[in-house]
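Chain lettering (A, B, C and D) follows the sequence in which the chains are written, and residue indices restart at 1 in each chain.
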Amino acid sequence: MKKLIACILAVLLVVSAVFVLAACKPKTKPDFVIPEGGYDGSAVTITFMSSMGQDYGVILDEYLAEFKKLYPKITVEHKRGGDYDTNRDVIKTQLSNGQAPNLAFCYSDHVALYNSSKAVVVLDDLIASQIEQTRADGTKEILGLTEAQKNDFIPAYYNEGKSFGDGKMYMLPFAKSTELMYYNKTSFDSWELPVPDHWFATDGKQGLQTTDKTSMEYALAFIRDKDPNCTPLGVDSGANWLITLFEQFETGYTKSTEPHYLFDNEENYEILTTLRRWYQNRWFTTRSLLGGNTYTSSYFTSKSSNDGKKSYISIGSSAGAAKQVPTADSGANFTVGVTMIPQKEANTPIAQSKVISQGPSVCLFNAENPQEVVASWLLAKFLITNSAFEARYGAAAGYLPVIQSVQQLDGYKEILDNADTGLNMAGMAAKLCLEYKEALFVSPAFYGSSEARDQMEILLNGCVVVPNGTADAIRQGIIAKFRDAKAKCEY
Amino acid sequence: MVDSKKQWKAWLYLSPVIILTLVFTVWPIINTVRIAFLNDYTLMGDAGGMTFSVGVKNFQKVIQYPDFLICLKNTILLTVITVPISTFLALLIAVCLNSIKVLNKLLQTIYFLPYVTNTIAIGMVFATMFSMVGSGFGGADPYISTAGIINNILGVFGIEPVNWVNAGSTYWANMFVMIVYIVWNALPFKILILLGGLQSVNKQYYEAAKVDGTSRVRTFFRITVPMLSPMLAYVIITGFIGGFKEYSSVVGVFGEGMGPAGTEGTLNTMVGFINTNLMGKKPREGIASAGALILFVIIFAVTMLNMYVSKKRVHY
Amino acid sequence: MKVVLQELTKIFPSRTKKGQEVVAVNKFDFEIPDGKLVGLLGPSGCGKSTTLYMICGLQKPSSGKIFFGEDDVTSLAPEYRGVGLVFQNYALYPHMTVKQNILFPLQNFKGADRLSKSEMLERAYNVAKLVQIDELMDRKPNELSGGQQQRVAIARALVKMPRVLLLDEPLSNLDARLRLQTREEIKRIQRETGITTVFVTHDQEEAMSISDIIVVMKLGIVQQIGKPQSVYDDPVNLFVAKFLGTPPINVFQGTVKGGRLYIGEDNVLATPDVEDQEVFVGIRPEGFIYDKNGPLHCNLRNVEVMGRDVSIVSTSDASLNPTIRSIVDADNKIDTENQTVSFSLKPHKVFIFNKETEERIRFGNTASPAEVKE
Amino acid sequence: MTNLLSLSSAGAGWLLALMIVCILAEVGVIVWLILRQREEARAKTSGNGVMHERNIENVKKTQKVVKFLVKVLIYLFLVAVAVSVLFPFYWMIISSLKSYNEYALEGEFASRVTPTFFPHKVMWSNYAEAFKTANLGTLFLNTVFVGIVSTILSLVITVLAAFAFARLEFRGKNALFAALLATMMIPGELFTITNYGTVTNILNWGNTYTALIVPFLVSVFYIYLLRQNFMQIPNELYYAAKVDGTSDLKYLWKVMVPLALPTIISITILKMMGSWNSYIWPRLVANDELHQLITNGLRDTDFAVYLADGSRDADKINYPVQMAAVTLVSIPLFLVFIFLRKYIMKGVSRSGLKG
């Protein structure tokens, strides 16, 4: 027995040793302070985690080479982190173990997550810094952003960096997209059906009975009546749709400070009841309702409408504009119209309109050697304020450049000028986004905001399949879904 | 006569196992227990220097999870249904396989194939087999057209196609698909073990039974099953342990949402809950560890129960 | 109920491709009279077990027929033959108690034969009493001794009142003392139930001691069938002679010249109406008479006193076995100084066999008494 | 309502229908057998429980028929199960040979509602593309390298441990073994996070092969399997060897390993297959191109669907090519299994798993 106790003691000893070792790993990193004289030219290696596809990485490498000419001592390791979620997981796991990349693609939700370990660098000082940096080719630049550079940003995209509730700037916008409504112009013209510019019928009547001909209600009923087999509306992201509706009807979705979740209210029940009716009439579908692998753009561009596999209106991201144009081999050919998504009331001016915008930004991570942070800042500034890079990346990835000076750039100017809804649909999307820039809004970011976004998708899917019954039974069904979503968010 | 030299040598042979187990098994367990009792512990927060109070808040949080009961119910239901079915089917197949000569080798190879494949890929195949197409699922009169093979086959027999996995499909339709998939995946290992067991049973018991005029059914229940009871007990115990850890099969068929569109999460399992708190968008390792400990306690209790039952009824 | 075997043959296909097949049993003709205890005797691999399994139906004969009474049961499955079989290592179901083991066959009765629970229990206890294991009913097989397990196996075979009882080397797993006791048990049980029984053994002493008829086999071919004593006293060939009897028969090389049998130079016996030829001579150990001026001279090796009689061990150049063992009455005074010892022979204990065919050559006055009485 | 005729080539549909027919036929046979048994029971003459004379002809006839029918029943059942096991594979393989549109019923196939059973246009190019895009070459080499090294090392450890548990007596042996078995009950996710910390922080093996190999060297099930097998080797052999001075290791190498060879071989094969399917851990610990293993390599490669104008459709995943990649990955496992099937079966059954 004595021996057994001895061996158990030995086991505990070894384990506690490992435990102490693990516990005392360098925990707290000092908050970043700009070193004297900014970047001191020392040799520094920084890692840049992006979620770019292979094809866009080529463009980035070109400009990294150019950056190398300006700052030869900074070597940039570009790591591809896979799609956005994988990228977030890899960074999250590194952060949980005290490591981090220097510079990374991110969404506002991700930064809110990273910030729970205080790893993200606050950019305000860097932006304001006037320290002079001399580049290898002798030219000089101030460390921070000049006024001109700051105003060049599209305000909504720039402000997204500050949407964390504490007014501090955590990220710079890199490339953005917004939501647009694509519609089958040939059919609309042949039916002389006006393009809907607001959602619900103002006279409260349903379907074809309503006199409000420019409402989506009327349009959907009309299309469905014309082609009984089709699914009039295809919405790519159900979550974006609900967040936009709650923002447009000002009924509340979330806010960045406690208490975060505001969507559980009477008005929203009404909205979801109507959407449920639309779904039961088979007037719309979304990507996740189709199982997540079938894209609503494929419905919009499909030829035959048997089994509902055709839609005449498609709401999707401006980044995917090219896919909303019917390809030659699909046999369907019609001209595609593209406009702003419907608003709360008819003919809402752009300034009062509300359209959600998304897209990757760039954030910096704390590092032991402040030089690494400054070097990463220089790289981020170099890429984002470089209109040529923004234009080429935007055009290739279907994203919208975040700086307006891109429009004057000769290459990009032609794209905007001969933008059409045919082969140059991407150019048309970019043109419209620039037009709608006052209407853009961003959903608030906080720890758990990405979970809230997921719950919106689940909420929409849940409400629209609430089984038929008395009006009250349906209402209770919908309320239950809201309660469940709120509980999941607050959990 | 256990002299110390022998002792020392035994520990020497076991040293690699012990060291590796200490570092990669014992330490994680201790760390998990440690984390489970640190309220609202998150790895990122810990890395960022946050401090955490000690308490049982994590465990309360696990219970308060709105879908906790759903996760528990799914885990238990899936295990309690699939383990008996797959064990009985495997036993039947093993006995039949053992009684035929022709094609024996080929069939053995076929039955072992699922063991060799990638769970996620086959999950996707099952999802497409049971899928429907069209946009009207869950609506008042959903399109009944279907792309899935299973519904097509049902069509041959004039049976109305069923909405198995798409939006608006019922809970039990989803469970049926999951049960078929889990049993399909669990059979190979069980057949292998039971077939091995059958081959080591002394032939003379069967000859004696034959001479006594025992019917096939009675031979099966009164001789084969008791003689195989050690293997059966082993297969059932590991079956339960595996069953409680079911997760990747649900992900294979329904994706990370753990349920069809519109009813996401209805098929979530305990391990699914732990994973959402580990890898999800709001990682809380404290709650995940607490959930894992609760699951471990359940598995431990069930295994002890299984051991106890098998001690009684198994003949060694 | 008598069992008739007609030209029963069993040929096993050889496992290796090129090897030819093995004839395990070759045209076995035999009629087992009702109620008799028959011993199938022979060295291992002589086809006795195969025959047993063919009778009970576990093995299908390659050709030939088996009749139970008038019914041709050749291709009938074992369960329909009404056969009780006891395996060499008992094959008791390890997870069942003795009582359950014995009841097991009864529970298989279908239709009209079905018995009520109480009848089954009663039958089980009766047969348990018969084999004297009625107080072990609730034990598990692994808690019993070899002998007890043996008796349980027999009880299990008997409980369904089979038409034929078959035993496969029932005693081979028992220790010597138990073997004698169980041997008597089997005989007693068989006589009391009067059931036709066939048992297989390679131990000739066991077969001779309890069977009514013995069948000596070799390489699938029946050598001789008959009462144990008559087969012992009148072996049909050298193999049967050598196989039966302990201590075994002494074999010499001899020649017959002019109606006289010579072993080496010694002219030991008159063998009227036998042509001159080289022969094998088999002399039973009890066939020697210690006679100072006996014709047969051997070199004395030693003498083993066994109480009732004395065993003289000697050697001779003409002998084929290393030593010659002769058993004579104890009250002979054996002169141990003298190197050589001489014997005279009891004619009916001396057999001569043809050198090539090893067939028995009978000579004149030696018709053994047993055969006459048949 | 679609009917089967519209299925242009309903091969597999009929195959699956055949399976259903098999099962129905079985039910019919079972019912017939039961009726047969009951009717046979009535036909017999009454008897006092003795195995009574039966009209042998009648019995012989039914016995032959019953024997045949039971054989048919068994084969029907086994074939039905075989079809249901094979069908997903069949479906995986033909999906891998379809073009994206045909698979997803889009584009020129949009009008179809039921999937095609045989690819209209067999796309062998999917396999080439799968190999290229997921650079299966390096993935394959990585996985084989990691697989072999970890199998060999773990084999050495398992044999030593099993030997100690089976043969050597030392205090606390059973407690230690029970503790090891208990670890099998703990859900794996529990270990991943902490082990990640240990591997990347303390041992900083991040993105190295060691990180992929070392943590999983100890597999308790295989120690259990081998211990069972070793225990079946009689003790006398060990004592005999001890008497004439052979050292433990020599005895282990000369006597125990050869005797337990089938089990050791099956452990090697099953271990190799294990490393083939591991997914979560490699993704966490070694996800860069150099060290990626097959499953997470497949998972992260975005198999592109190319639009008419050659540009990539970012949203769509080319499932057929992914299926092709998965099939390519599974083939070596199939081959290994088919050739060494005998050993796997013998290995596991030899261990008897008693007690």
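Observations, loosely collected:
Keep this in mind: contacts are C-beta pairs under 8 Å (C-beta built on N, C-alpha and C of every residue); 3 or more make two chains touch, one makes a residue touch a chain.
These numbers come from a predicted model, not from an experiment.
Listing every chain that touches chain A and chain C alike gives B, D. The interface with the greater count of contacting C-beta pairs, when C-D is set against A-D, is A-D. Compared with chain A, the chain whose C-alpha mean position is the greatest distance off is C. Between the CA-based centres of chain C and chain D the separation comes to 55 Å, rounded to the whole angstrom. Annotation: 41 Å between the Cα-based centres of chain A and chain D. The distance from the centre of chain A to the centre of chain B, with each centre set as the mean of the Cα atoms, comes to 37 Å. Averaging Cα coordinates per chain places chain B and chain C 60 Å apart. Within chain A, contacts with two or more other chains are made by residues 3, 18, 22, 96-98, 306-307, 309. Counting partner chains per residue, chain D has residues 113, 171, 193, 197-198, 319 touching two or more of them. Listed for chain C are residues 77, 80, 109, 160, each touching two or more other chains.
Taken together, the chains touch in the following pairs: A-B, A-D, B-C, B-D, C-D. Residues of chain D that touch chain B in their complex: 1-4, 7, 12-13, 16-17, 20, 70-71, 74-75, 77-78, 81-82, 84-89, 91-92, 95, 105, 113-115, 156-157, 160-161, 163-165, 168-171, 173, 176, 180, 182-195, 197-198, 214-218, 223, 248, 273, 277, 279, 295, 299, 319, 322-323, 326, 329-330, 333-334, 337-338, 341, 344-345, 348-355.
Those residues of chain D lying in contact with chain A across their complex are 104, 106-108, 110-111, 113, 171-172, 175, 193, 196-198, 200-202, 206, 284, 287-288, 300, 302, 307-308, 311-317, 319.
On the chain B side of its complex with chain D, the touching residues are 2, 6-7, 9-11, 13-14, 16-17, 20-21, 23-25, 27-29, 31-32, 43, 89, 92-93, 96-97, 99-100, 103, 105, 107-122, 124-126, 128-129, 133-134, 144-147, 149, 152-153, 155-157, 184, 187, 192-193, 195-197, 199-200, 216, 230-231, 234, 241, 244-245, 271, 274-275, 278, 285, 288-289, 292, 295-296, 299-300, 303, 316. Chain C meets chain B in the complex at residues 56-58, 77-80, 83-85, 87, 89, 91, 93-95, 104-105, 107-109, 156, 160. Put simply, chain B touches chain A in their complex at residues 7, 22-23, 26-27, 30-31, 34, 42-50, 61, 64-67, 127, 131, 133-140, 143, 145, 165-168, 255, 257, 260-265, 279-283, 285.
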